[in-house]
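By written order: A, B, C and D. Residues from 1 in each chain.
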Amino acid sequence: MAKNPLNVGMVGYGFMGRTHSNAFSQVGHFFDIPYKPVLKAVCARDAGKVKAFAEQWGYESIETDWRKLVERKDIDIIDIASPNDTHLEIAVAAAKAGKMVMCEKPLGRSAKESIQMVEAVEKAKVPNMVWYNYRRVPAVMLAKQLIDEGKLGKIFHYRAKFLQDWTISKDLPQGGQGLWRLDVGVAGSGVTGDLLAHCIDTAMWLNGGIAKVSGMTETFIKERHHNITGKTEPVGIDDASLFLARFANGSLASFEATRYARGHKALYTFEINGENASIAWDLHDLHRLQYFDHRDEGKTRGWRNLHITDSDHPYMGKWWVPGLQIGYEHTFIHQVADFLEATGAGKAAAPTFREAMATDLVTDAVLKSARSGQWELAN
Amino acid sequence: MAKNPLNVGMVGYGFMGRTHSNAFSQVGHFFDIPYKPVLKAVCARDAGKVKAFAEQWGYESIETDWRKLVERKDIDIIDIASPNDTHLEIAVAAAKAGKMVMCEKPLGRSAKESIQMVEAVEKAKVPNMVWYNYRRVPAVMLAKQLIDEGKLGKIFHYRAKFLQDWTISKDLPQGGQGLWRLDVGVAGSGVTGDLLAHCIDTAMWLNGGIAKVSGMTETFIKERHHNITGKTEPVGIDDASLFLARFANGSLASFEATRYARGHKALYTFEINGENASIAWDLHDLHRLQYFDHRDEGKTRGWRNLHITDSDHPYMGKWWVPGLQIGYEHTFIHQVADFLEATGAGKAAAPTFREAMATDLVTDAVLKSARSGQWELAN
Amino acid sequence: MAKNPLNVGMVGYGFMGRTHSNAFSQVGHFFDIPYKPVLKAVCARDAGKVKAFAEQWGYESIETDWRKLVERKDIDIIDIASPNDTHLEIAVAAAKAGKMVMCEKPLGRSAKESIQMVEAVEKAKVPNMVWYNYRRVPAVMLAKQLIDEGKLGKIFHYRAKFLQDWTISKDLPQGGQGLWRLDVGVAGSGVTGDLLAHCIDTAMWLNGGIAKVSGMTETFIKERHHNITGKTEPVGIDDASLFLARFANGSLASFEATRYARGHKALYTFEINGENASIAWDLHDLHRLQYFDHRDEGKTRGWRNLHITDSDHPYMGKWWVPGLQIGYEHTFIHQVADFLEATGAGKAAAPTFREAMATDLVTDAVLKSARSGQWELAN
Amino acid sequence: MAKNPLNVGMVGYGFMGRTHSNAFSQVGHFFDIPYKPVLKAVCARDAGKVKAFAEQWGYESIETDWRKLVERKDIDIIDIASPNDTHLEIAVAAAKAGKMVMCEKPLGRSAKESIQMVEAVEKAKVPNMVWYNYRRVPAVMLAKQLIDEGKLGKIFHYRAKFLQDWTISKDLPQGGQGLWRLDVGVAGSGVTGDLLAHCIDTAMWLNGGIAKVSGMTETFIKERHHNITGKTEPVGIDDASLFLARFANGSLASFEATRYARGHKALYTFEINGENASIAWDLHDLHRLQYFDHRDEGKTRGWRNLHITDSDHPYMGKWWVPGLQIGYEHTFIHQVADFLEATGAGKAAAPTFREAMATDLVTDAVLKSARSGQWELAN
């Protein structure tokens, strides 16, 4: 039985262009999905580079203007993997053109942008999703299952961190390819939108809405050379961002993101403490989940180190055999699989643009609180 | 060469009475100190129990009224191991009587009390010290050495937590022996004074003063049976206490203490990130220190798991042979050793009452901020 | 610049058929290789299943008789991913037909078979390689580099284990699809050829030849239902296999493999102790390497936990960004990349059939020693 | 109620003299035992040093000839903490004098010696015990309980190692104080009697008798300066010793001890795999036990990291509060507590001299097998 082709129009060929392209390439090898993704076209401004990228990944064609890509009749889905300042315009145009839309996170540079994107996809009634890929780590999905089964009981505490150390040198320039995350005009914010947004998306998915926040940010290096202007310019992003939070369910939380935590490359961690059980996870060993169940017999009670490679773990029945781990890129493959399965069944696939907008409301509140020195409402 | 006896008058025979008595008993077996501690007298209200305690530990005599103990001519040092609400009165009286004074932490139920104690010992010019024992974990002392040597460089981040789970059950009463930590009248506060105070003491010792804080507290169980009144009464302590902080040196910090973190018994952890190196430690494996040095060659750079059992580690040359770990009680032995050595040399031994008062100023500010919803100055 | 196509003829569609197909599919997306692999044909006896496999992976055609595959002019390389009892015949025929040959491990069911395969490929002068994929774990390749740089100094000890627990139930049948590893006629031996062979291949690559061995084996379940004959039959494989060894360089070693180590799915571990440094690795966290360097300053000397995700680690510059781990299947991609690069440059790619034969000589010696109760020479 | 004094006569003031003296000093502070140990006399040849030791530990008197100590009427128990070559003579004399006898391990330099000691204590019917202290690590005692409760089911595998690295330098002399473990005349053997003996004692206690062994030993440094003779002399000890074993219950085992494992100070580890559950432990984190139970629900099944600090763990109710770890020296305190409790109740306390002799039979067999190249019976 031949599957319907799904023609992909990819915007961007950077780090995320690669992870998304890989996801569409690989999903059919491992998942039984109702579509056959076809890498129809990839779009970016630099014709030479985009052509090389298309060859490497097997895209059938290229575009150098995203408007043309959006207008093409042979494109079913627009996948936005370009920098944050391009999301709004492309997503709105794609929705108007009736395309399915997938978008890298954060959805907007601020909630003001995300709201417009939500309105566009909801008005056009097109399937839409934001690439908060860490939900699809098998260990994280298992955490979600355990919480939904009620294994933890009433939740008291949530804490999450995302620690990196790649911008400590003052000689690192801001702006330009690979460094747009340091350019506040392009990125919208620093670690708040880049890293905290991941922590917040997971947190609200696992533990419900965040009611209010008290934040603090810092920019350790105040000026950096700008690659595009060629001048030393003030740095507009936040290098570190911390906040305390109260969830709607009454639990207390602590969040932190920084690019100044020497020794950590991409250490996203979370821990959630419930009345009966606790869960902890970190991205540096993403194939493991720590689980403590107070109902275990006292003398043999302890944190269980779950090696998430068995077929009864989420997604893992599709991969290899017990004991053999998967890695980072697989989270994107899982996300495409879930998106296509849901879309084929006429359902929404989480996180939708609307869910991602809720995250932007929290990051906005964190930044506002850091400026005001007050607790701020987060929704 | 016979050493001068140092006659100890201990107040209290609970958990801390045991750790202190053990410290005075053991210190001479392992450390070359200028005094010979003698367990002269132990004091508590229950004559039967204090007598049994004296027999078990070899105290020569007992008292049931601390005032008599303080008045005894044959007592050189008063060690206060009784609940928080007794510290002020005993310490002031002991200082007035010219005794050396050691006191369990927190020094006061609030800084208002600690200030009076500081004034008393400083006016009397008696040696004084507060039992913030975790400074004397060999791994923690090594952290101090590495920071003082400048190995970390400029500090960006400090984070500490103290997680327990022993009060989750709503059936646990408040007040009475062993449970006075839940009685706000006796304890002064909940986890803020009990657990956060440890985190703050270590933090300011390692990273300097704390300038301001933004706190949040919660009392999850609002009413508990009170063992002494025999009634169900409102709970006055904080069950959880979190705060963000800015250190005087500009670094950002996050602190948390709770007794509602299922799966953790006494998980005191801290991590400090500097420009060149980072350090992490936790109390559940107190004989280890994690150290990351960015100056290591790139491909073999990683967190070093130091097993703090070698003779070139602080205090460890006094104990066994490399590879063999010591435990919790040893921190108290080290503290007595350092106190006696400093006192013998006519020097102050840290943390003095004055240093411990600074911690109380921070905990006061945390509680004030939790009430005000504002950032509060911490000194 | 168009690359030469390399037409792949795959034999087998089981677990290894999937890992190899994935490797050929993915290698061009991440590595700059001098060929463009084309999934030309896949071969297996069950026409329906092989057709479904071909569709899933994009093979252009199918065969149900490997002889036809070997004869096809449009096939450049024969990749043998079928059970052990098929290796000899297919490999020899493929070599005679002038094809490049890749073969799953172990090369032969015994060295008697492997010798014939070595002779065939060397006589035909065709590029050849055996899929000892664990050499291509980035952490393991880094271990090799550190040893070759002399960082360890004189080697004293090598120890390796491969622990599984999937055959403990006596109800598990032997033989048939997915279970041929329990059928001695098909597999040749039990864990000795299946698991120990991996340990031995890595060990001799890292530490040189093994001189002699003293082995012990056990078959815990003596009879099992046979899926093909439909009868309960004696079990001919070894369930557990341990041996002591002396390397040619004088170092002492201990090896163990078992499928009866409850709690371990695929725990391949090795550790190597040298005069100056030691290395340890395990497959359950394959993205990490433990490294201890005695030349580090005493008080900060400890095992370094290397997170092998940086661009200065082997292969990792081809994947994502620091901190983001890869998984099991990538080892096969690396192996294809290395094979194609070497072949394009007219060089042999390790491990060749000849190297893999040396491993079979050791496994033969282990089994012989287990029977004789004597030390046996291993080469 | 006054307890009977138990007058201790200690032989030796080295590393073990300290651990034993500490045990007798501390046991009454924490355990409710039917005797009150009194440090009556300590004996060693160097009068100055033994006097200093006596002062430091509070011994009432000293002796410089162990024969006089044994003859003293006021001594109830002789504790032999002196080098291995003194055990036989002292133990036999003490038994003849009707004293209780405790002896450091290994009991004899070979089973030939231990047999004579067993005969002496059994003939004299005096309480006797050998200091295989690692049985009294709370985590190890818990392992024993879990095995005895049948939690593991049929045992398939046992593996143990004891890894050190302190003799790698060729400049280290043999013989003399603190170095007698390198002098084969004094020690009897190298790591076999010093380290493997610990592994074997624990193993037979947990898993029953060892039937046969196949061993291998090495002396990496062939000649060393001898501190006593002042000459360079051949080294008679084994630096490394490995063996495979078959237990009487059919399980397979691997043992290793070495002083050439760079990076390990005293890494004694064991793991035991049963049909239903597995256990692992190591001395570098002696307060933890790893436990895997296959009967846990599949998706939350994993190795449990038990923090052995709760009051329902062996011995731990006597110490501090949950979460606070104890260390190495406590194993000796537990051993004295168990010895005195058993003795007070008229029972034998394990391991007796007879049990310790069984260990010497195994170490003898390992050394014999290493020479013969054959499997040797171990009892």
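We take it that a contact is a pair of C-beta atoms (placed from the backbone, for glycine too) under 8 Å apart; a residue touches a chain by one contact, two chains touch by 3 or more.
Computed from a prediction, not measured in an experiment: that's the story for all the values here.
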Taking mean CA positions as centres, which chain lies farthest from chain D? A
If more than half of the interface residue numbers appear on both sides, call it same; otherwise different. Which is it for chain B and chain C? same
What is the distance in Å between the mean C-alpha positions of chain B and chain C? 55
Per the centroid of Cα atoms for each chain, what is the distance between chain C and chain D, given in Å? 42
Using CA atom averages as chain centres, what separation in Å is found between chain A and chain C? 36
Each of the following residues of chain B touches two or more other chains, namely 264, 303, 307, 310
In the complex formed with chain C, which residues of chain D make contact? 156-157, 159, 161, 163, 165, 168, 214, 216, 218, 220, 240, 242-244, 246, 250, 252, 254, 256, 258, 260-264, 273-278, 292, 294, 303, 373-375
Interface residues, chain B side, partner chain D - complex: 15, 18-19, 21-22, 25-26, 28-29, 56-57, 164, 166, 264-267, 283-287, 307, 309-310, 319-330
Could you pull out which chain A residues touch chain D in their complex? 142, 145-146, 291, 293, 296, 298-307, 310, 312-313
